[in-house]
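Written out below as structure tokens is the structure these notes cover.
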Amino acid sequence: MAERGKGISGPAEGLERAPSTVDEDPIERIIRSLLDSFPSAIADFQKLRKGVLRARIERRDLFKACKYLRDGLGFEHISMISAIEYEDRFELVYHIASYQHRVFLELITTAPKDDPSVDSVSSIWGGANWQERESYDLMGIKFNNHPKLERILLPSDYLYHPLRKDFRG
Amino acid sequence: MNLYEFCRGLIHWLVDLINNLWYWLGDVLPWWFGDFFDAVGDFAASRGHISVMAIGLEVLIIVIVALINVLNFIWIDRKLSGRIFDFYGPYYVGYRIGGWLQNLADGIKLFVKEIIVPAKADKFGFMLAPIIFVGSSFLALATIPLSPHFGVATNESGHGVSAGVIIAFAFFAIAPFSILIAGWSSNNKYTLIGGMRSAAQMMSYEIPMLLCVASVFLLAGSFSFFGVVDAQHDVWFAIPLFLGFVVFLVCLVAEIEVQPFDLPEAEAELVEGWTTEYCGMRFGLFMMTSYLRGYIGGALVTALFLGGWQGPWFIPDEIWFLIKAYAVFFVIEWARWSLPRVRVDQILDVGWKRLMPLAVLNLMIAVALKTLGWF
Amino acid sequence: MAEMWINMGPQHPMTHGLWNLRIKVDGETITDAEPEVGYLHRGIEKLCEDRTYTQIIPITDRLCYGSSLTWSHLYCLTVEDLMGIEVPKRAEYIRVAAIEMQRIASHLMWLAAYGADLGLMAGFIYCMRDREVFIDILQALTGSRITYNFPRIGGVAHDVPSNFDRDALRACTYMERRLKEYEEMFDRSKVFMMRNEDVGVLRRTDAMNLGVTGPPLRGSGVRYDLRKDMPYSVYPEFEFEPATHPDCDCYARYRVRMDEMWQSCRIIRQAVQKMPKGKWRILAPRNAPEGTGVGRVEDPRGEGVMYVVGDGTDKPYRLKIRSPIFVTVSAAPKMLIGYKVADVVAIMGSLDMCIGETDR
């Protein structure tokens, strides 16, 4: 039994660059163009099952990558923003969906414990607004450039962030 | 023999009966005790005072008849809505008579509730609004005779008030004023909005209503109830003035504020609208007056369009009048529970843009009919 | 009258559930709106970190009490993705039949509340009465009327009762007849159309960008139904059409839900007639492997997503729940600005709010 808090680790599946043919799988095209645009930032690409992809990205490239996802690759819908706390870091999992290509992308980024902040994507997708407020409220992650980063589910003068592991009861 | 004569005869008989006691006391008791009781007997038997008591009794009878009709209406409303929705209406209270006593039970419940006046409400206006509302509705009721023999407005000459219909509508139209007072004096944003909407709705539907009534006056040639009803002895006005009849019914529904025109008291948004802050029997008065205005409206429709109290000889006139008024009320309730609510600006739209041209058209039809000499 | 902020809620007959809608009105017109949620926050995500995987199933039922089977099914899908187990076919068919019945019941409850809000009490009574038909079948199947505790990780809790297929087919026939009556009562009522047409318009691009999913999205012309476009469970084997409507107003959302009820009857018929024999549950392992699982379903209110992180023990490390109404309500100001106060009821009613899943 592994220890709690160490998180997911493991080798990425091998992903060969598809040859450029005329009708290629849109998913392959997406992967290829993402890798082309952000080669240094994206690591650990995995094709989980039909239509579901996972990628990791650096914190500083998140905003540019999301903008590229929406404008260039047609990912119109941000489905969910989850915040997970491990022993040594915070992980933010962005689930982004594309209506046209039937693809569900899981984009994971990390933030260090002492500076849990990332750029807000609510100017790209309006649907991210309340989700980011919820992550701030329950987990304490700050989103830079968010239009209104306030508590949403808990009372506004509440002192703690309950989903953190050091909050008991 | 009309109602006034009946009351007068009854009071005369009662006074004679009781005066036997006073005069006997006057004979038996000595000195000025006896004179005192004799004077009481004379006082009661004098003509003016008998008239006053007769009028009092007449008013009492009419009010009781009206209130019993209102109770019936409430009961019909609840039973009918129950049947439309496929459940029983009132069932247990008054089990054997179909739940009619539920009204009394609700009334008693409202009486025993605590009356709360909001702290910052304008107390004078708060107390005045129900008084005006109920009072004006009863006054409107008083002018409507149920038959040539039954009504307050049949005086000793037997002809009734010569402008009866106009007076009835005048009293009917005081209501928006009291609703504004009620909504405003409650010191509550929602009731203010509700009161304003309600007043706007009522005032804008007065106009098509009165235009239809004007067309009836044209054909009848008289402003009084008796004149209007007597002019319908050949054919009810609902048939040549069918458009006016329909427009009048729609305006009536908007005036008494039932669905589909009851947005001012729409429960879904403003809780109870302009009556939110009223508790106990004051609220009960508003509710009762709402049904009372339904009764008045039904009576007006009957008198103006459906021939009033004219009918076959085997049913007395008053009962025939009531049957027609109940039929109108039945149709209104049927529409009430089948239609969703119209939004308030759409209500005003319908009133000003659709109903008023139709009412004017109806007036032109009435003018045409009159000049053609058919009436 | 000057502009003022009005609070609709938290205690209000119109708001289904406990939330607050602040609107800024200028006379009768709305100039700004701000929904406030969080009155029903129960800390479900934190609760789930202390319970075993099977103990969480009743909690997920209570996420949205209006359609609780979809949420427990979503949770079981997510954990089955994490654990990598494959559910037997019969269990999948039972799940689908129950979920589509739940969808009809949820939409009927929405229609009842919507009719009551608009003043049509007859709609309320008739819809609740027809909902009883489906709730009764689900009670025979699962034992409860609203929060079922029926799906398990690896299947369903028990097999269908006898005569389930006969009852389900009878219910579908009854429902199709009643849907025709509802269309006559609602669609052909001029007053209903006046209240709903061109009210609460949400443009297509706005809908996609703001994260709106489900009937509001399909009512804005986007043809995307998770059951067809990214199918899960055994949906690829069923024939049905996702319901869309090109107008973006309240009438379109109403129409989408009515069409979804028609399609659900179709699916129930197919599920019940094609149900294979076999096991209805396989036992899942007690401890989950390390890893993650994601599940996505088409809830009656939109797209529900769950993300579970397992760490080798029998309790999840993190369970994240995405509720469709949480995001749709944040898009509500877009639909409210410019309309009248009396339209708030129609617009918020057409979104089908259920606060249990919003606040978790």
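Order as written gives the chain letters A, B and C; numbering starts at 1 within each chain.
Keep this in mind: a contact is a pair of C-beta atoms (placed from the backbone, for glycine too) under 8 Å apart; a residue touches a chain by one contact, two chains touch by 3 or more.
Bear in mind the structure is a predicted one, so any value in this text is a computation, not a measurement.
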item	value
Chain whose averaged C-alpha position falls nearest the assembly-wide average	C
A-C or B-C, whichever has more C-beta pairs in contact	A-C
Length of the line joining the C-alpha centres of subunit A and subunit B, rounded to whole Å	69
Chain centre separation (subunit A, subunit C; CA means) in Å	26
Intercentroid distance (Cα basis), subunit C paired with subunit B, Å	48
Multi-chain contact sites of subunit A, meaning residues that touch two or more partners	none
Residues of subunit C touching subunit B in the complex	4, 6, 8, 12-14, 28, 115-123, 125-126, 129, 189, 191-192, 194-195, 340-345
Contact footprint of subunit C on subunit A as seen in their complex	1-6, 8, 48, 51-52, 76-80, 82-85, 93, 95, 99, 102, 104, 106, 125-131, 134, 138, 151-155, 162-163, 167
Touching residues (chain side subunit C, partner subunit A) in the complex	37-38, 41, 43, 45-46, 206, 208-213, 222, 224, 229-230, 287, 290-292, 294, 296, 303, 305, 307, 309, 311-313, 317-318, 320, 322, 326-327, 330-331, 359-360
Of all residues in subunit B, those that touch subunit C in their complex	81, 84-87, 189, 193, 259-260, 262-263, 266-269, 271, 337-346
